[in-house]
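Each chain carries a letter (A, B, C and D) given by its place in the written order, and its residues are counted from 1.
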Amino acid sequence: MKKLINDPKDVVEEAVAGMGLAHPGLLRVSHDPTFVTRASGPVSGKVAIVSGGGSGHEPLHAGFVGPGMLSAAVPGPVFTSPTPDPVVAATQAVDGRAGVLYIVKNYTGDVLNFETAADLAEAEGVTVATVVVDDDVAVKDSTYTAGRRGVAGTVVVEKVAGAAAERGDGLEQVAEIARRANAATRTMGVALTAGVVPHAGEPSFTLADDEVEIGIGIHGEPGRERVPLEPVDRIVDRLLGAVLDDLGTASGDRVLLFVNGMGGTPLVELYVAFRRAAELLAERGVEVARTLVGDYVTSLEMQGMSITVTRLDDELTELWDAPVETAALRWGR
Amino acid sequence: MKKLINDPKDVVEEAVAGMGLAHPGLLRVSHDPTFVTRASGPVSGKVAIVSGGGSGHEPLHAGFVGPGMLSAAVPGPVFTSPTPDPVVAATQAVDGRAGVLYIVKNYTGDVLNFETAADLAEAEGVTVATVVVDDDVAVKDSTYTAGRRGVAGTVVVEKVAGAAAERGDGLEQVAEIARRANAATRTMGVALTAGVVPHAGEPSFTLADDEVEIGIGIHGEPGRERVPLEPVDRIVDRLLGAVLDDLGTASGDRVLLFVNGMGGTPLVELYVAFRRAAELLAERGVEVARTLVGDYVTSLEMQGMSITVTRLDDELTELWDAPVETAALRWGR
Amino acid sequence: MTLDATWTRAFIERTADVVREQRAALVELDREIGDGDHGENLERGFSAVRAKLGQQPEDATPGQLLKMVATTLISTVGGASGPLLGTAYLKGAAALGDATELDSAAVVAFLTAARDGVVLRGKAEVGDKTMIDAWTPAVEAAGLAAGDGAEPAAVLRAAADAAAEGAASTEPLVARKGRASYLGERAVGHRDPGAQSSSLILAAAAEAAATPAAATTGEA
Amino acid sequence: MTLDATWTRAFIERTADVVREQRAALVELDREIGDGDHGENLERGFSAVRAKLGQQPEDATPGQLLKMVATTLISTVGGASGPLLGTAYLKGAAALGDATELDSAAVVAFLTAARDGVVLRGKAEVGDKTMIDAWTPAVEAAGLAAGDGAEPAAVLRAAADAAAEGAASTEPLVARKGRASYLGERAVGHRDPGAQSSSLILAAAAEAAATPAAATTGEA
C-alpha cells in the first residue's frame, strides 16, 4: 500500500485540519471531538443541518458544509460511523434554536450512532429530526436486509435540504423536503478496483483483471453481481436501467442526472459514461434538466462510478438551483 | 487494464460529447475537428483565450472553458498535442476581433503545433499572441533541456488571464498578465503509481511498492529521483522546498497555495498534504492568501499530487478572485 | 461463590486482551462479509476502556465498572457494534444496580438485560446472522444452568459455550441485519464477526470467573 | 536511372507499412524515455496518408505527393513528431518543385531541405538525441554518394545506412531536446524513437528505389 499519509491513525484529524487551513473563510474545524462547521457560526432562527459518517468518501460530508448546504459535518474514522459525542457537540455548535436536521446514510452504525446522538441532544434541549438516505437500488429494500444503503444520492438530499433551511423553512418542512428528495432519488454503482483503507493496508476486495462488481457499495461492500468487463455503454445501461426501473420514471419526467466518480476513475471516463446515460434517458423520453459530474461521494481510491437519478419537480429544481458555497459544490455566490 | 470506456480510439470524442451534454448552458462542442467553446459564443471586442493539449489531464482544459476563463479548449489524443487544424478552427470560432491568446504548456509538441496554428490563424486575419507555461521546477530550465514543463500552474495562468480578458484588457495586456502569472508560479509533483493510457493498456511506468517518483511530469515522464516512500509530510517538504527555493519566496510574501491531485489520489490525502504545506509556509513567514485543493490537472488515474505556489501581488489576487463559471472552477456567479 | 468487582475488572482486562489478540481475525471476518473494521473498532474501544479502568475508584461496584465500559464503547467505537455492545453493557450494568456481590441470578439478569439491550437497538432475531446469535443462546444456557443451581462461574461457562456454538451457527446463514445483509446468498459460509466477538467477550467473562483471584475474592 | 512518382508512391506505401509493423517497437522506445505514443502517432499519420494516396491524381508529381504527406502528417499526427516530420516533407517537397524525374542531385536536395525543415522547427543539433541524429548523417552520406556519381537509388541507400547508424548513435547520449531531455542521465542507454523512425523512413525510401518497379519506371 502506498498512500500520501503520515500515521494511518492520524489521517482523519490531519485531513480535517487541512480542510480548515484550505478554507479558512468557509469552515471552522473542531478537534476532540472532531467536527467541521461553517466559519460563519450558527444562524439564529434557521434550521441547522448536520450530517456525517465514516471518512473515506470525501468530499462528502465536510466538503458540503457552507451557506446553502450543511451546517456541520461529523467525520468518523475511515469507513466507520462517528460515535454520538462529536455529533452532539456539532449539534450544539450549530443549533440556531430552530431545530437541527440529521441527514444520515442508511447503515446500521450510522443510524444507531445518530439515534443516540439525537437522544442526547434532545436531552440538552435541542430539537432534532432525522432523515435517513437510502438511494442504492443495488440492495433490495425488504425485511430481509438492513434496507437500501445511502450512497451518492446523499449529495442531492443535502443540497436541497440545505436550500430549504436557507430560505427559512421550519424543521418539519426541511425534513419533509429531504425525505421527498430521497424518495425521488436512486443510485447504482460499479467498481473496477477496490480502495485501500489506510489502517488495513490492503484492498477491501479483489476483482480479476477482467471483472467488475455491479452494485458496489461505497465501502467496497459487494454488490449484485460480478460480470466480465464490458464497454462502458453496456455498464451504464445496466446501472441506469436498474435505477430507472426502480424509480419508475416515465416519458416526460424531468430529472437530475448525476454521474459520480468513486475516487480513482479519470474524469474523462465519467464524461464518457455521462454521454451514454444522457443518450439512454433521451431514448426513454426523460428530460435531463440538471446535471452533476465528478467525484462527490467516493470510496478512497476505488476505480468505479455510480449513476444517480433524481426525479425533479419545480420545488426540488428551485432548491437545487439555489446558491451554494461549499468546498466541493459552489454556484450562485 | 480496466477502464470505463468503449473503444480506446473513441475516448476523447465521447468524453467531449459527454461534456457538452453535461454542461449544455456552458459549453458548445465541435466534432471534426474536436474543440470546445463557450456556449455563449464569441465576445465581440474582447480578447479570446484558447488553450489545449493532450487529453488525460481533465478537467484541464475543457473544464476551464467559460465566462472568466478560457474561450475555447482543444483536446488532442490522450497525452498527445492536438494538431494545428482544430486549434485554428477553435481560434476562428471564438475570435472577437480583439485578438486571441494561446496558452500553451511547454512541451515540444504543444509548442510546435500551436506555433503552426498561430501562423495559419494569422494568415486568416486573426491576431494571435502566445504564452508558454513552464512552472515545473523538477526540470532544469537550461539550454540542455527542452525547458521546464507546463503542469498544474497552467490553471493559475488560465484563471488570471481569463479574468484580465473578461475585464476588457487588450491582447498584449492579457498576454503580459499571463506571463507574469507564469513567472510567479512554480510546481513540483510526486507519483506513487502511473496512469494507464487507454490505447497503450499498461501503466506508463512502474514503481516498486515502496518507491515514489519525485518531480513526476503529468504524462508520467520521470522526474528528479526515485526515493523510498516516506510520510507525506516529508514528501511535502521536498516538493514545496524545491518550489519555494526556485521561486525565491521571502518572509512576508503572499501566495496562492495549490495542492493538485493527479487523478487517483483520495481527496482526504490531498488535505493531509495541504496541512503540512500550510504549516511549512507559516514556518517560513509566507502568508497563504489564497488556496486551491483538488484534482485540476491530472494524469489519468495516476496516484500522486503536485504542489503549486504563485506569488501574489494585488492585481493577480484581484484577477484570481474575479468571478468564474466553468465546469471545474466556479465562484462569484 | 459470588462474583464481585475484582471479577469485573478481570473480565474487562481479559476482554481487552482477547480483542487485541483477535483484532486481525475479526477484521478478516468482517472483510469477508462486511467492511473489515470490526476488529479495529473493538480494539479502539477496549483499549480506551483499559485506559479508563485504572482510573476507576477502588470501591467501584461491578455495575459502575460495566457502565464505564458501556459509555466508553459508545463514545469510542462507532459503527454498528459501538452502540449495540455499548447498550448491552449499559443495560446489563443497570440490571446489576449497586450490588457488590453477584450471584447466579444476578449473572443471568446481567446477560438477559445486555441481550435485550442489543435487541432494543438492533431489532435482530436469532437467525439474522448477528451478535444476537451468540447472545440469545448464551442467555438461555445461563438461565438453565442457574435454574440447575450452578455457581456464577459455571453459569458464565455455560453461557460462553453456548455463545461459541451460536457464533459457529451463523456460518451457514444468510444475513438479515447489518452490512452482511447486502450480500444475500454470498454471506453463506462465513461467520458473523459480531457473533464471534460476542462469544469472545463471554468467554472472557467465564475465564475471569474461573481464575483463583476472582473466585477467591468472591469468597473473602 | 532517375526516380519518379511511382517511386514516390512506393516510398510512401512502404513507409506506411513499416510504421504499422514497427508501431509497438516505436511505442516501447518512447515509453522508455518519452511518453509512449510515438508509434501510435506515426501510425495515425501514415494510415491517413495511405488513405489519401489512392485519391491523388494519376499525374501527381513527386513534389505534389510528398506535399500531401506533409499536410496530412501535420493535420493528423500532433505531438512533436507531427510538425517536425510534416515540415520535413513540406520543405523537401518544395525543394523538388514540379520535377517529375529525380536525379541524384534532386534526391540530395530533397533530403537536405527536409533536414533543414526539422532544424528550423525544432532547433536541434547533432548529438541532441533527436531525429536530427538520423537526418544529418543521412544528408551528408547522400551528398558524398552523389558527389561520387552514384545513382539515386544508391544515394538513398547511403542515406538510409547512415541514418541507421545515426539512430544507433543516439543510444549513449543524454538528450537535449524533446521529452527525453527531462531525464538527464537516465536517457543514456536508450535509442531515440524519432531517430529510429526517421531511419525507418529513409530505409523505406531506399527500398522503394531498389525495387524493379521503381527502377524500371525511371528508365521507361
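Please note the rule applied: a residue touches a chain if its C-beta (ideal position, glycine included) is under 8 Å from a C-beta of that chain, and two chains touch if they have at least 3 such contacts.
Here the structure is a predicted model, which is why all the values come from computation and not from measurement.
Student: Would you mind naming the chains that touch chain A and likewise touch chain D?
Tutor: Shared contacts of chain A and chain D: B.
Student: Starting at chain B, how many touching-chain steps does it take at least to reach chain C?
Tutor: Step count on the best path from chain B to chain C: 2.
Student: Using only Cα atoms to place each chain's centre, name the chain farthest from chain B.
Tutor: C
Student: Between chain A and chain C, what is the separation of their C-alpha centroids in Å?
Tutor: Averaging C-alpha atoms per chain gives centres 33 Å apart.
Student: Report the inter-chain centroid distance for chain C and chain D in whole angstrom, where each centroid is the mean of the CA atoms.
Tutor: Comparing mean C-alpha positions, chain D is 78 Å from chain C.
Student: Could you state the distance in Å from the CA-based centre of chain A to that of chain B?
Tutor: 29
Student: Multi-chain contacts only, two chains or more: what residues does chain A have there?
Tutor: none
Student: Which parts of chain D, given as residue numbers and ranges, touch two or more other chains?
Tutor: As it turns out, chain D has no residue touching two or more other chains.
Student: Chain contact graph: line, ring, star, complete or other?
Tutor: line
Student: Write out all the pairs of touching chains, ordered by chain label.
Tutor: Those chain pairs satisfying the definition are A-B, A-C, B-D.
Student: Name, in rising order, each residue of chain B that touches chain A in their complex.
Tutor: Those residues of chain B that touch chain A are 2-7, 11-12, 14-19, 21-23, 55-56, 58-59, 63, 78, 190, 192-193, 195, 209-210, 212, 229, 231-233, 235, 259, 263-275, 278, 288, 291, 293, 295, 298, 300-301, 303-305, 325, 327, 330-333.
Student: Quick check on the complex: what are the chain D residues that touch chain B?
Tutor: Result: residues 27, 31, 34-37, 40-41, 44, 74-84, 121-122, 174, 176-179, 181-183, 186 of chain D touch chain B.
Student: Could you list, by residue number, the parts of chain B that touch chain D in their complex?
Tutor: Going by the criterion above, the answer is residues 54, 76-77, 79-85, 107-109, 112-113, 115-116, 138-139, 143-146, 149, 197, 199-200, 204-205, 217, 219-223.
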